[in-house]
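Shared between the two complexes below is subunit A, which pairs with subunit B and subunit C, respectively.
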Partner chain A sequence: MGPVPSGYASGADIAALLVLLTEFAMLRAPQLRSQVRLYGFQSFVVVVLTLVTGAVRGYSDLYILAGLSLLLKVVIVPALMFRLLRQLDVDQLHHPAGGGGGSMVLVAIAASAFGFFVLRSLDFRSKVLPTATLSVSLAIVLVAFVLVILRSDVVSQAVGFFSLENGVSIVSMAIAAGLPVVVEVSFLFDLLVAVVVFALIMRAHHARAGTLSTEALDRLRG
Partner chain B sequence: MIAPAGVQALQVLTVLFAAPLVSGVTSHVEARFQGRRGPRVLQPYYDLAKLFRKETVVPEGSSWVFLAGPVVAFGCYLIVPLLIPVLTTYGLPLGYMGDILGGGMVLALGGFATALAASDSGAPYAQLGASRATTFGALIEPTVLFVVFIVAMITSTDLPYALAATVRSSSEAVRPSHVLVAVAFFLVVLADTGRIPVETHSGTIEFGMIDEARALEHSGAPFALTKWGSAIKQLVLYTILINVFVAPWGLASSGKVLDVLVAVLSLVGKALLLGVIFALIDNSFSKLRLFKITEYLAAAFLLACLGVLVFYVGGA
Partner chain C sequence: MHAVIVALFVVPLVAVVLSYVVPVKVGPPVSAVAGIASFGLCVALVSTASAGTEHALGSFLRLDALSEVFLLATTFLYAATAVFASGYLERPKGAAGERYSRRFWAGFNLFCAAMVAAPLMNGLASLWVAVEVTTVVSALLVAIDGTDEAIEASWKYVLIASLGLSLALFATIVMYYAGSSFFAGSYNLSYTNLLSGASHFSPGAVRLAFVLAVLGFGTKMGLVPMHTWLPDAHSEAPSPVSALLSGALLAVCFYAILRYFQVTVRAVGPGFPRALMAGFGVASLLLAALYLLSQRDMKRLFAYSSVEHMGIIAIGTSFGAPIALFGVLLHVLAHGAAKGTAFFGAGSVVRKFGTKDMDKVQGGASVLPWSATMLVAAVLALSALPPFGIFRSEFLVVEGGLSSGEDALSAVLVVLVTVAFFGLSWFTTQTMLTGAPASEAATRGAAAGKDGTLARGEVSPWIVVAMVAGLAALVLLGVHLPGDLTALLRHAASQLLPGGTSTRGVQ
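So, the complex of A and B:
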């Protein structure tokens, strides 16, 4: 039994856990719009974590990063996704999330447990964030993968990819908080490119199949 | 000074007599939120008094099990307050008779007796309720187990008193695993007391009935015992949530009369506050479809599971 964590450490852990729980909520969200909303909330938690970490640990670079992420991930990306969904005029899928809701969650729990155990055996230590936050962020990345693999609609896959970036940004904050701001910003730029690409895919897919569900792709067998 | 045995008896008596009050206040507040005047706060007591005076009608073909079920369940629900910190911070003589798992087993035994009586009645709705209650009970069980695991890992024991003491001593920082386990247990209490995301506790809508349906065939004194028993079970679960996981403050640290009196009042006050929160939840959410309840329970399980992982692997 370890010592009781300090206020900052447990706050960081709880923030990371919130991000992980939103990831699980995305897994089960029935509506595409609520998924985008969840992504906005998740990004907001990451921004708050970045700000607090910057303040507590004294990395002023993190303020710039937090400001840019707030603008991009909390405002611009969700707004673009909402606009796209409005234009395509789809919200509810015909088969929301497929069958077996419980088993999807169980698979995701197994994936996050795997992440926790892997990180424990690596014996990584972070100077900036508590160890639990690091393992939670690895779990976030893995659950995002599960989301992308198991949900069969383009929006979930796009949102899964974006939230993967949220997980990665917590990891990068934990192991390399002193990273030059240019590198961090280039991550965000990656995200912007991904948004453009996914928007194109969504439009193209919707134009061809008339739906956002990727199950329609089965019909394209040659 | 009150002798430990006396305090112990007082724990049971407090739960016994405060339980209908908590139910009454909750349904009164709930009605107020809906813009109704609602029943009187003391209405559950009047209901019980009325039912105890009524004659008992037994369905044709049912055996002694039908009449014994409510009595056994009532007894089981009254044993649990002996095991948990209702009024005191220190363990009472019989408090170490069973740990959290023991308390859970006694609670489950009460549910089993009720289900048995419902099955013995031969009525389809009662049997349907018993079957559903048992099914969802089995789905709640893994969450409860993981909650117990976390308690055991945090305190190295599985005594509820030890966790309450840990919570009291570490007020300056909250463990993430503890937050997760408290939320998971909150969801379990919501499901186990038949509250809104799982069941409408006041209506008689056949499709959604779980707990309520089990008592449909009872009448007279056994029905009173069933109602009283479920109120006691509710207060016991509230007490565990409050005094073990969330707010174990205001408990008596000695047998002084004043301390014990304060403990009784603070327990009732905290339980009423929790009841108001539950009434708020009742009015803010809609009932889940029966087949969606598994998802709700999966969410509770997820929280408990993450709690174990965060503590065991992350050390927080």
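So, the complex of A and C:
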């Protein structure tokens, strides 16, 4: 396996950065629908990266993975979430993006810088993707945590978890491209099950509390 | 023995389908039979597992001494909890009741099937998938009662556990990376590959994988500070689900950590993984011991007691002496039996008094002559009093700590366990062994008589049967360990040592 071709390398970097920027947009998105749309876009970027990597680096398994990811993460998951939002007839939250969007972005920048430098010090080498992509993907994982922790509605928290999975997909492409495809597919299947369960519990929460905000979820303490 | 391993994997899955399609009344006995059959199959495998490693269904399933220990704990709770739940759940009334009952039993069996599958999986990737399945199924079971509190607990649980498991997935990928230069090319994460190659893995990557695995699976095991979902989920779930969460699920997640531990001690030596386990163990034990002193809710009390015991298990693992590891594995079995029995007793109290608030429960032993008495016994067992199994296991853990020169850590362990003992025993004796129940509480109770007092008598004989089984197991583990079990635990403990012998292939 030769060195990473330079045109492909910069393409991969741009794709990873786009994924990270999408996550920053999620931090600020006031509407739940736009949150889901951003997730669909993010997944699409990951699918394209998977396809191109499969073609350039010669891993034909990645085509299968890209096809299934497209179906699941770009079509089925957003469709399920849109359907849920339509049925519950909510879009705008009463208290959009609690805690001040600006400081949230600052925390996210700190987290992504941390991820970027930690990975450099670990001396991981990817045979498939440029090392910078790997650093960005760790930043994606960390910012997803910020998203889940700081957003105060169940939809954004769920979308944060799904985009965390996108970050882990890029990591897995970078350092474990040889992972048997049946394993990758079972990971995807698991995501689908998780999405369904998330949606069921969100629906139950909305039925009881009449809102998708997490402010009502404060009974259990100590 | 291949057929027995396959049967152990398949029986719970068959029960999932059966309990959903058969008439509602038949669901509980079907599940109980499946649970007891699984436990029987598991007991039949004890000597096979101590003799070496067995594969079944190609190399999809794998059994060795370490997985057998966790299978014993899981299948025992599967059997006991199925019997308990047959008595605990009220007879379904109307269409809604029937739907609830079908959902409960299908989910119950699926939860158990996933927990039985996890230790049987041959490889870190399929192990992760099995643990993830336990999360989604048990989150639905936590929410099944549909109260505000149950849904809140379920959301916190599914969100925090899924985030944790994403880290565990990350750990799986990094572990794959750690071995990729040694195996050169595509390989699978089977234990045979990992254990034979571990000493050639890249040490930095193995360290990172272990940290991520402890954070990820540790979230589900209830290690502080990732434990925050645990008291909520354990207290708001229906009592049978609480028993399974606490006694079996936490153990299965510990098993996942141990598989990473096994690879890590071979790749980078025992110092690093043991130090990490010690840190999380002390944090868990300390926080849980303090929280145990301030609980008002009986099931929350037992939930924090689970965090405490997971702390003891983590510290015991960090001692590294064979005798301490033997104690840790015995502790997994004994804690499963004791915590199961405690939650069965709590379930009985909830059904009788209609509340789990300990301020409102008084004189338990005078209205529940059997289950309240056995609840007190289970609490004494949890506090490591003889003649119960936890006394023996904690004794061995401390002995192992002292023999490996960890005097300070052993002393911390003994002190914090004593603090936890005060919290647990004070509240339980206050609610169970005091005078007659107050009439205010009695009016809320399901079984309240016309004069406002609670009728003396058990909720269901099946609850008593399940609790007797749990206590019998605890006494057996404490008084006389069967020879086969001793051999099994010794083999399993030896697998966790740096020069472990688990790769012996006996086909």
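In this section, the second predicted complex is superposed on the first by the 212 of 222 C-alpha atoms of A that agree within 3 Å, B and C clash if a C-alpha of one lies under 4 Å from a C-alpha of the other, contacts with A are read in each partner's own complex, and residues count from 1 in each chain.
Note that contacts are C-beta pairs under 8 Å (C-beta built on N, C-alpha and C of every residue); 3 or more make two chains touch, one makes a residue touch a chain.
Please read these numbers as outputs of a predicted model, since none were measured by experiment.
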| item | value |
| --- | --- |
| Subunit B versus subunit C as contact partner of A:Ile109, first or second or both or neither | first |
| Which of subunit B and subunit C A:Gln87 touches, first, second, both or neither | neither |
| Touching partner for A:Ala204 - first (subunit B), second (subunit C), both, neither | second |
| Which partner, subunit B or subunit C, touches more subunit A residues | C |
| Partner chain(s) touched by A:Arg219 [first = subunit B, second = subunit C, both, neither] | second |
| First, second, both or neither for A:Leu122, with subunit B first and subunit C second | second |
| First (subunit B), second (subunit C), both or neither touched by A:Phe187 | second |
| Complex contacts: residues of subunit C adjacent to subunit A | 125-126, 129, 132-133, 135-136, 139-140, 143, 146-149, 151-156, 158-159, 162-163, 166, 169-170, 173-174, 176-177, 180, 185-189, 204-205, 208, 231-232, 235-236, 291, 294-295, 300 |
| Sites on subunit A touched by subunit C in the complex | 122-124, 141, 145, 148, 154, 157-158, 161, 164-165, 168, 171-172, 175-176, 178-180, 183, 186-187, 190, 193-194, 197-198, 200-202, 204-205, 208-209, 214, 216-220, 222 |
| Contacting residues of subunit A [partner subunit B, same complex] | 1-2, 4-7, 9-10, 13-14, 17, 20-21, 24, 28, 101-102, 105-106, 109, 112-113, 116-117, 119-120, 130-133, 135-136, 139 |
| Residues of subunit B that touch subunit A when the two form their complex | 153-154, 156, 170, 172-176, 179-180, 294-295, 298-299, 301-303, 305-306, 309-310, 313-316 |
